[in-house]
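Please go over the structures that come below.
What follows is chain A paired twice: with chain B in the first complex and chain C in the second.
And now, the complex of A and B:
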């Protein structure tokens, strides 16, 4: 049986953040996961807090009343200072990461207003430098550039909705018929790779420059490079002689993949490793502590010994949480107590998507040190910390807080484990 | 090691049913090494869970594009929902073959033992033939094996012959060695080094009589023939497994075949011999690392002052055990190991040998070949024989099995 200081379960933003921070702190880290996590599907921005419930302009200020009003909210366990520390940590990892000089800008102090792929203004705090030019709180008219072969991005839809959104920014669309390698259709990644080819990029720039007006900024789908996004974006801006920015697309999300690549490389460099197709199905326990995780690998069961476990398996969408046919909630890896699921017969959902649904905050409840607790508030396991979308108490899609929560709780989980481990006993052993 | 008894992971029908878990997230498509370099393969999601809904039992299969799937298995590895994408595609390839026929070339490539038996006694002639450009062009024309494709050299002797005359010293532990066709006909020296390394660590080695594991037949859609090979091999190995003897193999794709692919893809879950073997088979590096974790591996390694680049083959990654070769080589003093950042070398067994796929395979491997050129290592290290031949062919860098490095570091030669 292998043994690690910490086994992290999950390769999403929370799990990778915790793993990198732990490995950099000297711990021997193993990440186990069923497959690749949600970074590939997320826009790659860190939306700390977008609505509370009105649109938030200054997240760090809005966090304090939220934390006071909702002591069970995951942000309450991290604190506004903890959120700021996590953001600073991530920006530093990106700026010094494998895709440097690609960098993240912004902070929890202030939200920008960025267009989504369907032209809806979206508050976002920390984001790739390549997206910052899309701030809709003012600025030049937008020329949205679409590609007929990129089926996941509709320039006209974006431009029309943006005009209607009331932000007061003019927008129009142009569509190009340039295709990577002559493909009938290609996904965002195919275009991102094509953009790294100078000939393709030059052809795009020439056609856009031809049709752009002198006062416009260019909105591109987020496909401006995958291996050298800074270089691609800078040369596009240079070629156009006008500002250019990226708008996140439908999955696969190229900016999300960049973030994954940066964190995955940081983990490798810090000595951590990742095992995919390892589904955690339980744990060996002694005296309120997990000693080893049981994982299903293909047709076998394996045991992975650990002093600490960071559980970051995600929520219902990722399979970290599940409901059985009688609507009993279940945490799928360790069988931790799930709170917030309405009893049979009670109302579970309301008609409107953005309403407060009775089961919207369901998840694993933790104490201030992110340890899972039961219905009575008693700690269930001493050496398990929970991070990310598995946590109860938040409504990320209403708050626009999902990535912020994953980053902040993942970072906090690592800090707690590092602080609790005496150097001789665990870390670096 | 017990097999996981969960019914949800066994049987071809249940492999297929996993497609209902697909949420169209596209993660598999971002990792597919083939669809990322050629539009001829529409990608694992499209060919797998999506197209599978239109494949109806007893109706002819129309989708030839699935034949461009190389079967590397990366899609299944990265899927966050547990969809058995590669397995579904391998089954679809076989169905297509049943309807539309399997080419003579694929039938030949799928039988390494046949080539081995014919080529071994005539090794000098066979090797000359396979290295003669004109003859290779003729072979390409007649049956479609690309004239540039890497072909191994017949050793002119078999590992089995050596093993029959070799007696392992008595020891308290023993393993059965599943050496595979590559070791038997082309790299018998690797088999000898494996035996020496295991014996050096206090393990007696049995080498049962054995034949092909059926993987190349499975990859080329010849499921019935593959089942025959798997069953005969399992019959030979099962007595060891039932005796509590672990089975170790140096060919990582063949050990994966016995560990789970034959059970999952060929629908042999009722084969009691195979189930017994499946629970006891280990890739050699997986086994050695587990020994090390138990404190049973001799780690007084001698310095190997070299730089090597280690590439974990796709099939090795399919074991889900990480990269044990990296952990083992980290124990060797003065050995500098660079980890490959590529997912695939392109060849995928017999895929890259085929005329219509050779260029695709070379394009898939381009990233790896570039990294090797930049690293300029003393040698490359890789657990799979066909990948080693592909890497050597593309880079001219000598490429060895991790056992060879450990054998040398153990002072055995």
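And now, the complex of A and C:
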């Protein structure tokens, strides 16, 4: 049986953030996960708080009343300062990371308004430099560039909705028939790889420059490179002689894949490692502490010893939480108590899709130190900290707080573990 | 106000109405069919997809069984491409009386329904997921039928013979004059415009909504008690043949493989209003338990979608007075309003089932011909609607085979249901609809495991371009579809489908922020 100071379960933003921070702090870290996490599905922006429930302009200011009103909200365990620290940490890791000089910009102090692929101005705080030019709080008219071979980004729909969204930015669309390797059906990743190719990129720039007006900025689907996004973006801007920016597409998310790559490389550089296809199916416990995780690797079962466990397996979307057909909720790795699931026969969802649903905030409830607690509020495990979308108390897809929550709680989880471990006994020895 | 004239007005665009329009048009009547929404959006599109062999009725209702035997064979001949020849089994579960099997065999013999008792081991060899504790098994010629395609096929056939099919046209009044029905006032539900139609004869094929139509002609005492039934589509074909419980017809006793899914049905609860048929938690639990009885592990499978339909159960306050037009043992009957209410030129089809839609149409048009004193023989048992001449029966995998031929040449828009871009664009142009749910029923768009999570944004973008919609109309189509989809999934969200739904929340709300799409623009002056 292997043994690590910390085993992190889950390889989404929360898990990777915790793992990198822990490894940097001197801990011997192993990340185990069933598969790739939600980075590849999310926009790649760090949305701290977009709606509460009205649109938020200054997230760090809006966090305080939110925490006061909702003491069970995951942000309540981190605090506005903790969020700011996590954001600063991430920006530094990206700026000095494997894809540098590709960087994240912005802060929790204020939200930008970025167009979504359907043309809605969406508040976001911290984002890739390649998206910042899309800020709709002012600025030049937008020329949205679509590709007929990319079905996950519809430029005309984006432009039309943006025009009538009330932000006062003019928008129009052009569509290019340039195909990665001649394919009629390429996804965002296929295009991102094509953009790394100089000939393809030059062809795009030539066609766009030809049709763009002198006062416009160019909106591209978020496919401007995967290995060298800064270089691709800068060349496109240079070639056009005008600002250019990316708009997130349907998954797979190229910006999310970049972020995953940066953090995974940072983890390796700090001495940590990742094992995929490891499904945690339970734990050995003694006296309120986990001593080892039991994982399933194919048909084999293995045990991995740990002094600490960071659980960051995600929510219902990622399989970290599940509801069975007799309507009982469960946390799938360790069987932790799940709160917020209505009893069988009670209403779980409302008939209107956009209503707030009774089980929308279900998850694992934790105390101020992110330790899981039972229905009575009693800590159930001393050396398990929970981070990310597994946590109860938030509706991140409505709040537009998804990756902000994961980053902040993942970072906080690492800080808690580092603080609780005496250097001589466990960490960094 | 616009005026229309026709020999025959058919009210209702379900299986019955489409069959009636096809039959009447084939006999040379100038026919108009009106439907308040889209074709097959009422009861016909909300059933389990079973083309009955008749086995379900051989003991309880032999007349209905005999009708099914004959009509099943006819439909296989005239609309082969709407049918998958799955075959069926009647199985005696541990909760069923094995003695019923003998009554069943005797009933099949009388109804001339080909059946054979097979060994339980043989049944389990054919259907490996079937409950191994079954005690008897009988084969029958059940099949799966695509209700949407069936209704569209007959409607297209009627149109090819001159009929006009008016969807989204609601009957708001029936015109009568001198004791005869003379037509109706219609409202175009999309534009709000009204128009009058003058018709020599009116055929009421509105099923569970028939009483509402008759009330407009002052006929008050025909009551329809809508019988609600729910069905759940499970991901994958848990079985490849139709599985029936070998017992008197009851709830949750049929499991039908339909294309790539299987459908469990159904319940029977009286509903006050055919437009108010919510799915309850208790019904969902009951269906899952019933499924478990037929296929152990059923609850662990992924439930894709749930829906409710309404059977048109008739309650005629004056049934006793109406002589032999309404035989209580029959599954359907023509209500002759001349005899019953002194109203000429108006007939109502009562009861019935999709399997016998052709016969129902024939009976209704025959009755009309009798009242008109004209002799025009029915041809629907021999004639194939256009578009079905060359086609073979549907087989699982045929869509994939066609799709693979063009894999390198066109985009795949809906990965679950293998819908290519040209197919989608063509449907959008032909239908002239801005309603993505109409496209869903036509193509099965967004009906697979992801329930539109990926294809609906794409389809909205394509609709926006193809139909030259403005952003407001395209956004309304997107939001409308999301709400329709939600209606069909929220009562069954557990396991993998809850996981999928939450991913879709992240896509539509987290990534696209569709809930903040600007509201509909002011209508330009």
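Definition applied: the second predicted complex is superposed on the first by the 425 of 429 C-alpha atoms of A that agree within 3 Å, B and C clash if a C-alpha of one lies under 4 Å from a C-alpha of the other, contacts with A are read in each partner's own complex, and residues count from 1 in each chain.
Here, a contact is a pair of C-beta atoms (placed from the backbone, for glycine too) under 8 Å apart; a residue touches a chain by one contact, two chains touch by 3 or more.
The structure displayed is predicted, hence computed values, not measured ones.
**Student:** Counting residues of chain A touched by each partner, does chain B or chain C come out ahead?
**Tutor:** The partner with more contacted residues on chain A is C.
**Student:** According to the stated criteria, A:400 is in contact with first (chain B), second (chain C), both, or neither; which is it?
**Tutor:** In the superposition, A:400 touches chain C alone.
**Student:** Regarding the shared-chain residue A:130, is it in contact with chain B (first), chain C (second), both, or neither?
**Tutor:** In the superposition, A:130 touches no partner, neither chain B nor chain C.
**Student:** State whether A:41 touches chain B only (first), chain C only (second), both chains, or neither.
**Tutor:** both
**Student:** By the touch definition at the top of the document, which applies to A:383: first (chain B), second (chain C), both, or neither?
**Tutor:** In the superposition, A:383 touches no partner, neither chain B nor chain C.
**Student:** Of the two partner chains, chain B (first) and chain C (second), which one does A:251 touch, if any: first, second, both, or neither?
**Tutor:** A:251: touches chain B and chain C.
**Student:** Between chain B (first) and chain C (second), which does A:151 come into contact with in this model arrangement: first, second, both, or neither?
**Tutor:** A:151: touches chain C, not chain B.
**Student:** Going by the contact rule set out at the top, does A:60 touch chain B (first), chain C (second), both, or neither?
**Tutor:** Neither partner.
**Student:** Who does A:348 touch here: chain B (first), chain C (second), both, or neither?
**Tutor:** second
**Student:** Taking the superposition as given, does A:319 touch the first partner, chain B, the second, chain C, both, or neither?
**Tutor:** After superposition on chain A, A:319 lies in contact with both partners, chain B and chain C.
**Student:** For chain A, give the residues common to its interface with chain B and its interface with chain C.
**Tutor:** Touching chain B and chain C on chain A: residues 38, 41, 183-184, 251, 318-319.
**Student:** Which positions of chain A touch chain C when the two form their complex?
**Tutor:** Within the complex, chain A contacts chain C at residues 38, 41-43, 47, 116-122, 149, 151-152, 154, 156-157, 160-161, 163-166, 183-185, 248, 250-251, 315-319, 322-327, 344-345, 348-354, 396-398, 400, 402.
**Student:** Sort out for me which residues of chain C touch chain A in the complex.
**Tutor:** 278, 281, 288, 299-300, 303, 408-413, 421, 454, 457-458, 460-462, 464-465, 470-472, 474-475, 478, 482-483, 485-487, 490-491, 493-495, 498-499, 502-503, 505-507, 509-518, 521
**Student:** Would you pull the chain B residues touching chain A in the complex into a rising list?
**Tutor:** Residues 1-4, 6, 9-10, 25-27, 29-31, 36, 39, 76-82, 259-260, 263-264, 278-279, 293, 317-323, 339.
**Student:** Contact residues on chain A for chain B in the complex?
**Tutor:** 1-3, 33-38, 40-41, 181-184, 187, 189-190, 193, 251-252, 257, 268, 273-279, 296-302, 318-319
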